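Before I ask anything, here is the structure I am working with.
Chain nomenclature is as follows: A, B, C and D, assigned in order of appearance, with residue numbering initiated at 1 for each chain independently.
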Amino acid sequence: MNLLYLIGLPVLTAAALLLARSKEQVRWISFAGSVAQLALALALYFAFRQERAAGNTAAMLFDQTWPLFKSLHINFHVGVDGISVAMILLTSFVVVSGVLVSLNIEKMTKEFYFLLILLSLGAYGFFISLDLFVLFFFLEIAVIPKYLLIGIWGSGKKEYSANKLALMLMGGSALVLVGLLGLYYASHGGTFDLMELSHLGIPADTQRILFPLLFVGFGVFTALFPLHTWVPDGHSSAPTAGSMFLAGISMKLGGYGCLRVAVFLLPVGAKEYANIIIVLSSIAILYGAFATMMQKDLKYINAYSSVSHVGFSLLGIGMLTHTALTGAVLQMVSHGLMTALFFAVIGMVYDRTHTRMVNDLGGLMKMMPFIGTIFFIVGLCSLGLPGLSGFVAEMTVFMGSWENADLFHRIATITACMSIVVTAVYILRAVGKVMMGPVTNPVYLTLKDANWNEKLAAVILLAGILAIGLAPFWLNDLVRPATETIAHQILQVTK
Amino acid sequence: MNDLWIIMKNELVVTTIIFLLLFIKIGKGLKNETLLPLIQFLLLANLLQGFFFNKEGLLFEGIFYSNTLIIVQKNILSLGVYLISLVCSDWLKKSPQLPEFFILMLSALLGMFFMISSGNLLMFYLSLELATIPVAAMANFDLHKKVSSEAAMKMILSSAFSSGILLFGISLLYGATGTLQFAEMSALLDGSPLQMLAFIFLFTAFAFKLSVVPFHLWTADVYEGSPVAVTAFLSVISKGAVAFILLTVLHKVFLPMMGIWYNLLMILSVITMITGNIFALRQQNIKRFLAFSSIAQVGFILVGMTNEGQLGISSVVYFILVYIFSNLAAFGVASAISSQTGKENIDDYKGMYRTNPFLSWILALALFSLAGIPPTAGFFGKLFLLTAGGAKGSFWYIGIAALNMIISLYYYLRVIRSVFMDKNDAPIEKISVGRSATLGLLLCGAGILAAGLFSWIFEYIRGILN
Amino acid sequence: MPSIATIALIPLLPFAGFVLLGIFGRTALKKPAGYLGTALMLASCILALYTAYGYFFDFGKIHGAYQKLVPFQMTWLEFSKDVSINIGFILDPLSAMMLVVVTFISLMVHIYSLSYMKGEERFGTYYAFLGLFTFSMLGLVLSSNIFQIYIFWELVGVSSFLLIGFYYDKPSAVAACKKAFIVTRFADLGFLIGILVLSYYGGTLDFGTLIARLTDPSSTQMQAAVNASFLGASALTWGAVLVFIGGAGKSAMFPLHIWLPDAMEGPTPVSALIHAATMVVAGVYLVARLFPVFAISVPGALHVVAYIGVVSAMIAAVIACTQTDIKRVLAYSTMSQIGFMMFALGVSGYGGEAGLGYSASLFHLFTHAMFKALLFLGAGSVIHFVHSNEMKDMGGLRKLMPVTHITFLIACLAIAGVPPFAGFFSKEEILLAASRGNTGIYYMALITSGLTAFYMFRLYFRIFWNKEAGHDAHHGKEGGFALLFPLVLLALCAAGAGFIPFGEYVSSDGTPLHSEFDPVFSIAPVALGVAGILLASWFYLRANDRADRVAASLKGLYTAAYNKFYIDELYLFITKKVLFNLVGRPAAWIDRNIVDGAVNLVGNETVAFSKLIKKLQSGKVQQYAIVFLGGVLVLAVLFIYIWH
Amino acid sequence: MMEPGLYQILFISAALFFTGVYGFLTRRNLITMLMSVELILNSVNLNFIAFNKYLWPQKMDGLFFTLFVIAIAAAEAAVAIAIIINLYRSHNSIDVENAEDLKY
């Protein structure tokens, strides 16, 4: 399977969009494009399984290299392992549903979809590239579309949020950039190639300098406490699809980067800073959850709960055990699907009631059983109910974390576990107020339930959530070998 | 003998064009509508000829020399001039003395060509003045505008002052080494205090032309006061030319004093980036805004220069190419707007996207490129500069540079925001962009995208160095 | 031995019901929903009975002892080589018995609801939820892996949430279901950490292996678990206690019981199924499942179980005497009865005669399921009849609804422990075990059983006698076949179930336990029971003010008990005042103002600074020149003097 | 009478240079400022001549440079004065302080 399709497809879609004449054409082109992406991602998944089943145990499959800047030893080097495949699947799911829920966008439709597709392009490129330069290129490609999406189609104090998001993310990528250049020179003669870098042992003191740069840099993308403050504003101001992409895909870029670049290339640094990561993420988990309890705006609720949930994956990374790392990846995927769905539903509610304030809403279940049910299910997923993806991921993280026997790690793990109660509190508060209870506003009695595209979008994401929740083994088998190589790097250090 | 014709081909062609224009002027003169396309054609020819029949070599005992790198640099400059003649054509059409304008501009270009090729301080000084004085006259081209003449005055006076300093430096250098030839000089440099003083005097002249902080103060005023075309020329072409010659001077002549100029560049680049960005934050006038942004860009160029290796040279040359595309696109949009509506404030751009999507997208592309955001070429340019600058492994230095990229992003986004997001019930009316201007803007846009994504462009520049 | 499919179908049939009705219950299958659900349930029940019968009388017993059979197991989620969540079925006396109880009661409730919930707008959804619950409960009892239990544990929790909040437009119902979920969730936190501890030291999540390792003093895991100590208790004790906390939460043990009374907001059949017979005894089941670990390795933890159990039993009984909402009375009595089961386990030992408490506890679980379900369904039909939960609206209904009356009476006798009804035997065994194990607990239990008789008959008399009948006489009939058939069937069980030689089948170590009946011992409890009944009749048989006078005479205790000893208020204080105001609010505030504020500050300061220094660009060309010169001089000085 | 040595000449030229600078910085009249610039250039000329005569007599570099500097100075002055005239047209003054609209 040629990975270039993953880049070519969005490019083609974008080109087609530019040629499109009418809004209808734009909608259908982007819908078709996103569906094609989904199909491609699934094809990639099965091809990947086949290769593995055929006994191909190379760390990276389908890898290809084209020289880009020869003189600087920069190559366009792509390849995937289990983690990337999982992320690509996630991306394609979110893209399709994101396109679907925003079919009713009227303002500057063409530009809107163009940016969405550009974002997906950035994500795919990021997940498949094995050359840090290219990786960075795609990482930054994904920033500006977010800025425009929020700033143009957003709501509330959108300019402020958009600015904040763009600047903080760029700040993060600036740190990443310094880190990458550091790696480049640390590998005298200079290579940006991930695999090569992972082989040549980088001196410990260099790692000490570079790891924080890279980890914090990527951490900003994935809302590493206390650099998470772009998350609430950004998510709440963004249009529905924007929030979905933001939380579902772009926050995952950060997590993936932390894992794939920071931890994988700099195991020594990882070991030395692990405790700090753990402290920060445990704080984020609990503090995010408590902050969520106090929110009144549905989008803020989900944004803060994202801070808390992403904390799990960072915690998993910080724990550095094989299981915990696996859990971290599972959590990324699960949270991506879950939070995207949550934002989709919130958007549906908002489109109908024109408010997101929990206290103004009530008893919607009666008028919109479908939306209500989805809202409820995704809520349960976020509070980690078995049978839905959240449970699988969180439990894996917990089990992995518990493998570290000392008191510090124990306490961190228990702190993290506590959040499942707080989560239950705020989720039930939201569900109970918005969907259940008496109808607060007679106007709501006339509201309609979801229409076909919204239903389809929700069902697609829900399918993903259930697929992981009911039969986690397929994803687990996909990810475990990949995380094993990373865990192996870390083991090397201890030896 | 006929070597001369080939080695000095570029200069000769430019001179010919100047003479042609003179004749046209002396003769009954043509209407702008016919003249401008003609000039554009001549400039295009000038650009194209740069790619053929080139020859390396020395003339007049090395006072004048040429090699592939220099040819490339000259081509880049000619490209810039050609693009200016396109993107600013809406303004140029209106100007009453079109031929003079180009005569002056081309003489400045000629000066730059000589400057790049000069192998001797005397030659350098002459060509520098040739490249400066006409521009001062050009700055005054809006004869009826007060600001225009003020700008010209400021420019001529401060450049005269700086060239005085330069000359003093040169004289000291002459006294210390007894030669004016670059080739002989570097052998005689031993870093004695006198030489250092001379070097610093000399350097300040470059710093002045590049508008490196603290020698930058004239920049903003002159940019704001002069016509857009002149500002574009100043900010792109003359900066580029000076950067090129500075590269040779530092990396060839003063290589023995590297220990000094490395630190010098480091300090100045940091100050320059920060100052430029800080000042750009609250500018209202788009030209003044671009002036400060260009100061910040120069800071980045200096970062690349700190690397004395091939990477240093290639990254700087490449960046200047990219910078020409990006900045000219921005100035092109600015001139299109100001020449039709006379509006030059960023706030006037509010809601512009609704009326002028094409200009908006070009502007956005340009600004993103200046901010160094992929997939534009600016991203690659900045990245290579930083890669070059980081070669000594000083992370804090690269870190500061990277942080400056964020500040700069902040104000570039300010423009983007007012163009795309801010509500405005009376936005700029639909602007009819002339054909040639459109062509120029498209070329710039294409350049912004292509120069980065087609990696062979950088590879080519890099290739000619070894 | 029945095929895997047979066993698998037992939980899967209700699940199929859930899926079908969940998707189409609101539309296509709205009408036939009830019958569909019931049919599936019936099939599942038959399969369960078949399997249980087969296990007890055919293949389960291998040379004299009932074996733990794991007919099916699959890896669901692998954590590491040997630690993984497996989904599988376990067959042992415990699970076989539970299969029967769950499916049978669930069937009864399905049938009962056919008429009770008729005409509900969300009839289909209701049956879907019932299906989901039954599926989860069956999955729970069949679990072969401690994590599998946790999974289904959560699922029963959520289905109970759904059913309590079935009338979701009633704020009280919403509040109740949230309360129920969150409180049990809090307990589950303990359970989860308990699992982490046990699995870490046991090195596995599989029950068989886990129990084997953690009960064998020579095994390395056991060594590690005992030696690792935290705050003075061994890791193993912590693990066991934490797991028990989970159980206590589900089983509404003091002090985690507060959700149970409110849970009565749900439809009455639901209360009968979930909050009387099945889900609430999950805690008992959990302890019983891990009983070897408790009994052999950590007796300390077992004492905790015992005391928590008996205290809960006592408190609940006292409160039950004062409540006036008949469902709440039943709720507290449920809590009290579960307390009995708990401490029965607590005082029991492992194996042989010592294991009497174990069998007794599960025996009581069995009988209690029958008569408590019967009580609830009876109460349900009463409520159906008078449209109120309050005692004051009832009285003298014995003529109006004879069947309900009789069956209810039987149930009351059973729970009061009057021979020869089911409750008598099971409670007898429990008390016997208690008297052998721990006299203190024995006496408390004795008093409690007296109280039980009293408050049950208070309930009975207030409903069926007391002030004379027919205040507004023409309520119509007392409900049709669907309503009465389950009552009768359950009444028969409540009357007869006691004669099953339970210990023969279900015992701590699988070897049959012959419990002989000792008339001398049972004098005291029976006497107390009868006394309680008489006292209740003296108070409530006829309408009079004796009760009020007594209540007035011991005012403090009465009001305290009437207000459930203010435990709810305590919780409210902790959550609202402490967690929300002292943790949540500050967290939110800090995030907006300090963390975010810092970020904004940087930006604003930069802009402010740029405003500050604009004067440098003065517009005076001569000042430019000065700066220029200054720059030259500074650089000169810097490089010529300082750098050298 | 003794013939002046290099150092005296350099001293004079330095003095000339700083006089020019001082004038440039303090005079308000544009023409005067231009004249100050001329002073600076002439100090440079002196330098060249002196260095050429005393240090490097074998080649005539300095001398030539001086000639060119004079020429360039003339050209510069021409353009500058043209600009000043134009400034006078628009501002009715050749006082530098009246041309400070462009700032900040």
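Descriptive notes on the structure:
In the analysis below, a residue touches a chain if its C-beta (ideal position, glycine included) is under 8 Å from a C-beta of that chain, and two chains touch if they have at least 3 such contacts.
None of the values given here were measured: they were computed from a predicted structure.
C-beta contact counts were set side by side for B-D and B-C; B-D has more. Centrality annotation: A (chain centre taken as mean Cα position, compared with the mean over all protein Cα atoms). Distance between chain B and chain D, defined via averaged C-alpha coordinates, is recorded as 27 Å. The centroid of the Cα atoms in chain A and the matching centroid in chain D are 66 Å apart. The mean-CA centres of chain B and chain C are about 78 angstrom from one another, to the nearest whole unit.
Centroids of chain A and chain C (each the mean of its C-alpha atoms) stand 36 Å apart. Counting partner chains per residue, chain D has residues 24, 33, 96, 100-103 touching two or more of them.
Annotation for chain A: residues touching 2 or more other chains are 167.
Within chain B, contacts with two or more other chains are made by residues 153-154, 157, 161, 165, 220-221, 410. Screening every pair of chains for touch gives A-B, A-C, B-C, B-D, C-D. The touching residues of chain B, counted against chain D in their complex, run 121-122, 125-126, 129, 133, 136-137, 140, 143-147, 149-154, 156-157, 160-161, 163-165, 167-168, 170-172, 174-175, 178-180, 220-221, 224-225. The touching residues of chain C, when paired with chain D in their complex, are 614-615, 617-622, 625-626, 629. Interface residues of chain D, counted against chain C in their complex, comprise 21, 24-26, 33, 96-97, 100-104. Note for the complex: chain A touches chain C at residues 164, 167-168, 226, 228-229, 232, 287, 290-291, 293-295, 304, 322-323, 363, 365-366, 369, 380, 383, 385-387, 391-392, 395-396, 398-400, 402-403, 405, 413-414, 417-418, 420-421, 424-425, 428-429, 432, 435-439, 471-473, 476-477, 480.
Chain B makes touch with chain C in their complex at residues 153-154, 157-158, 161-162, 165, 193, 196-197, 200-201, 203-204, 207-208, 214-215, 217-218, 220-221, 260, 263-264, 278-279, 281-282, 407, 410.
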